[in-house]
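What follows is a pair of complexes built around chain A, which joins chain B in one and chain C in the other.
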Partner chain A sequence: MLFKGINNKLRPQSLDLHQFLSVPFYFLSTSLTFFAFFPNLSQQNMIVCVAVVGHQNNPLYLQSFTGSDDALKLHHIVHCSLDVIDERVNNPKRSASTLNETFLGLLYPTENYKVYGYLTNTKVKFIMVTTDLDVKDADVRSFFRKFHAAYVDAVCNPFHVPGKKITSNSFSERVGAIVRSFGPSMTL
Partner chain B sequence: MGREVAESCIDGVIIEMVSAYASRFYSSKPDLAARRIEAIGFQVGHQLSERYTMERPRFADHLEAIKFICKDFWSELFKKQIDNLKTNHRGTFVLQDNHFRWLTRISLDPAAVANNDATSESESGADMTSMLLYFPCGIIRGALNNLGISCAVSADMTNLPACKFTCDTC
Partner chain C sequence: MIGVGKPKQYGNVLDKPLSRGRQEVSLSAFAFLFSELVQYNQTQVDNIAELERRLEDAGYAVGARVLELLCHRDKGNRRETRLLGILSFIHSTVWKVLFGKVADSLEKGTEHEDEYMISEKELLVNRFISVPKDMGAFNCGAFVAGIVRGVLDGAGFPAVVTAHFVPIEGQQRPRTTILIKFAEEVLRREARLG
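Up next, the complex of A and B:
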């Protein structure tokens, strides 16, 4: 009998914990230096909103990470960025090598926020709004990679109906963990 | 990554699902059974294509998506690629697999299906096999649908274990 058996390999959740613990130390060091210059900015590298939008521009997941009075404004920003994505995809102004990339980059900067977009092969859009002013491209890319992995796992749930909103609690927790660990301290 | 499961479990689940839908749930309505099996395959293909296109850049046109199905998608599912791809350049693609993995365990011996209440014993084996083939047709249709190509997929099994899937995009 050459059965492979069932490998009880659980997901390495200890990895997220390690990154989560390293973030507060970074906050301590940066807040001491930047607090004098930006008195309004008490937190660095903060993602305020993430959204998943389906291929018919139907919202599948919308989560904001600030107080509720900001939430509507963030949803409005996400909605406006959908137009930018459509325009970016239909009229590529760059050369053919970046034509089919999934990561769309900075969509548009508003006065306080930067909006990043990511388009998957199945025409599902991920949108991320951040208040960070000097975020690095590599950080955003790795954020989207982890977010994509969490999204794929949520969609493969047999109780999830394709086209409807994602209601999984474990997906929300995973997204929360990924958002909390966003920043230059990310190694993956 | 995730956990692993023996391949014989997958074979067992699929064979039992097809036989449950065809002989127990909808035994008097084979069309309905076929549609249910194909719908299950559709959802599976939808989710699998989401997972297997994760790291790849986007496809430029329909042909690249079909080639992805023939190469990467098929090798993830069946550990081999599609052996032959034909197109009439007007929206019809024929994918031919010369040794379809799920059909290798099917026996078409009429004596083995003696308890079936079909009209003739030699037909019942072919009926069961065509029921089984609705599932991979659904998988292909679900995967292509998720990539933006809506089509109708049908299977042709005139010489086992080779199998031809015809995708009509119009």
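Up next, the complex of A and C:
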């Protein structure tokens, strides 16, 4: 497994990674071979995981849309992508015009997944992991726009404590509906 | 709800969607609600400073949510990183959404580098409130100060925000000024950005 963990000390040794995840080695390898030997699965426009991370990198919402086998692996991917976001935001090499864009684009590709990031005005980050290999930029942008709308509605809930996890059921349902409608036929 | 609806004529007011449209709330309804808020907090506290703090905390929650809402609705893809940018955002956009008009003026303090003032002839929340003499310098504009603090905190500009009455000669009621004092790190970052 090749993870480009920028700030964490993991190096591409699959054995260490599995020990770190404390998941039995054989279990993870079987799920990996599943993805390797069934390539037509990745042809579908499947979002496998979405996450909302607060401005102190605390997780606010984490939802995976595949079977629960590799949920832990997806959480780990989300965690690694936070490093990439921090590097992009704090790196002054970007010119001033693009410094305050919200859509961060492709963060980094792993062997099966692509990870996209989006940064709101309040330093809240949205992360989306997809298995689609040729997803269009416009699709991802519109996905994040809808996701941002659902997030704002969830935050405006007077019973939501800012900084705590989002526990609203309607938010989960809306996110599920947005994820299901993700694909090249999305308008708006 | 943030919806993108086509404009339609609704016969029954209950059928209208809660989209942004001509979002108007009755002023008297808000005035009653705000007066209840002040009265309720007054029964819970012992002194004026605590009352002011509670009003400000109530406003802080409003400010945080308003920032999220407005950034998604109006701002598109831009994120404010500059001091003047976020101040003019508050002064025009936030004020327009909350009170229906832009604030009267935005000034930079002369004595200290980190002080800015938004002043208003009369704050909407204070319109039907007269503070009794024995409450000293208490200003219900602390609610609005809390809103501004919530917006600034959410956008990454920690600040101390207070509301003051500034007596103007020739006018019976004093003007209200929201004083914003930014934290050290904001000024350092602003100097670094050039």
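Rule of thumb we're sticking to: the second predicted complex is superposed on the first by the 143 of 188 C-alpha atoms of A that agree within 3 Å, B and C clash if a C-alpha of one lies under 4 Å from a C-alpha of the other, contacts with A are read in each partner's own complex, and residues count from 1 in each chain.
By definition in this document, contacts are C-beta pairs under 8 Å (C-beta built on N, C-alpha and C of every residue); 3 or more make two chains touch, one makes a residue touch a chain.
Just so you know, these numbers come straight off a predicted model, no measurement behind them.
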| item | value |
| --- | --- |
| First, second, both or neither for A:148, with chain B first and chain C second | both |
| Partner chain in contact with A:119 - chain B first, chain C second, else both or neither | both |
| Where chain A meets both chain C and chain B, residue numbers | 55, 99-102, 119-123, 148-149, 152, 155-156, 158, 162 |
| Residues on chain A engaged by chain B in the complex (per definition of touch) | 3-9, 55, 99-102, 119-123, 148-149, 152, 155-156, 158, 162 |
| For the chain A and chain C complex, residues of the former touching the latter | 55, 99-103, 119-123, 148-149, 151-153, 155-156, 158, 162, 188 |
| Chain A-facing residues of chain C, complex | 1-2, 4, 61, 64-65, 67-69, 71-72, 75, 77-81, 154-156 |
| In the complex with chain A, residue positions of chain B that touch it | 1-8, 43, 46-47, 49-51, 53-54, 56-60, 146-148 |
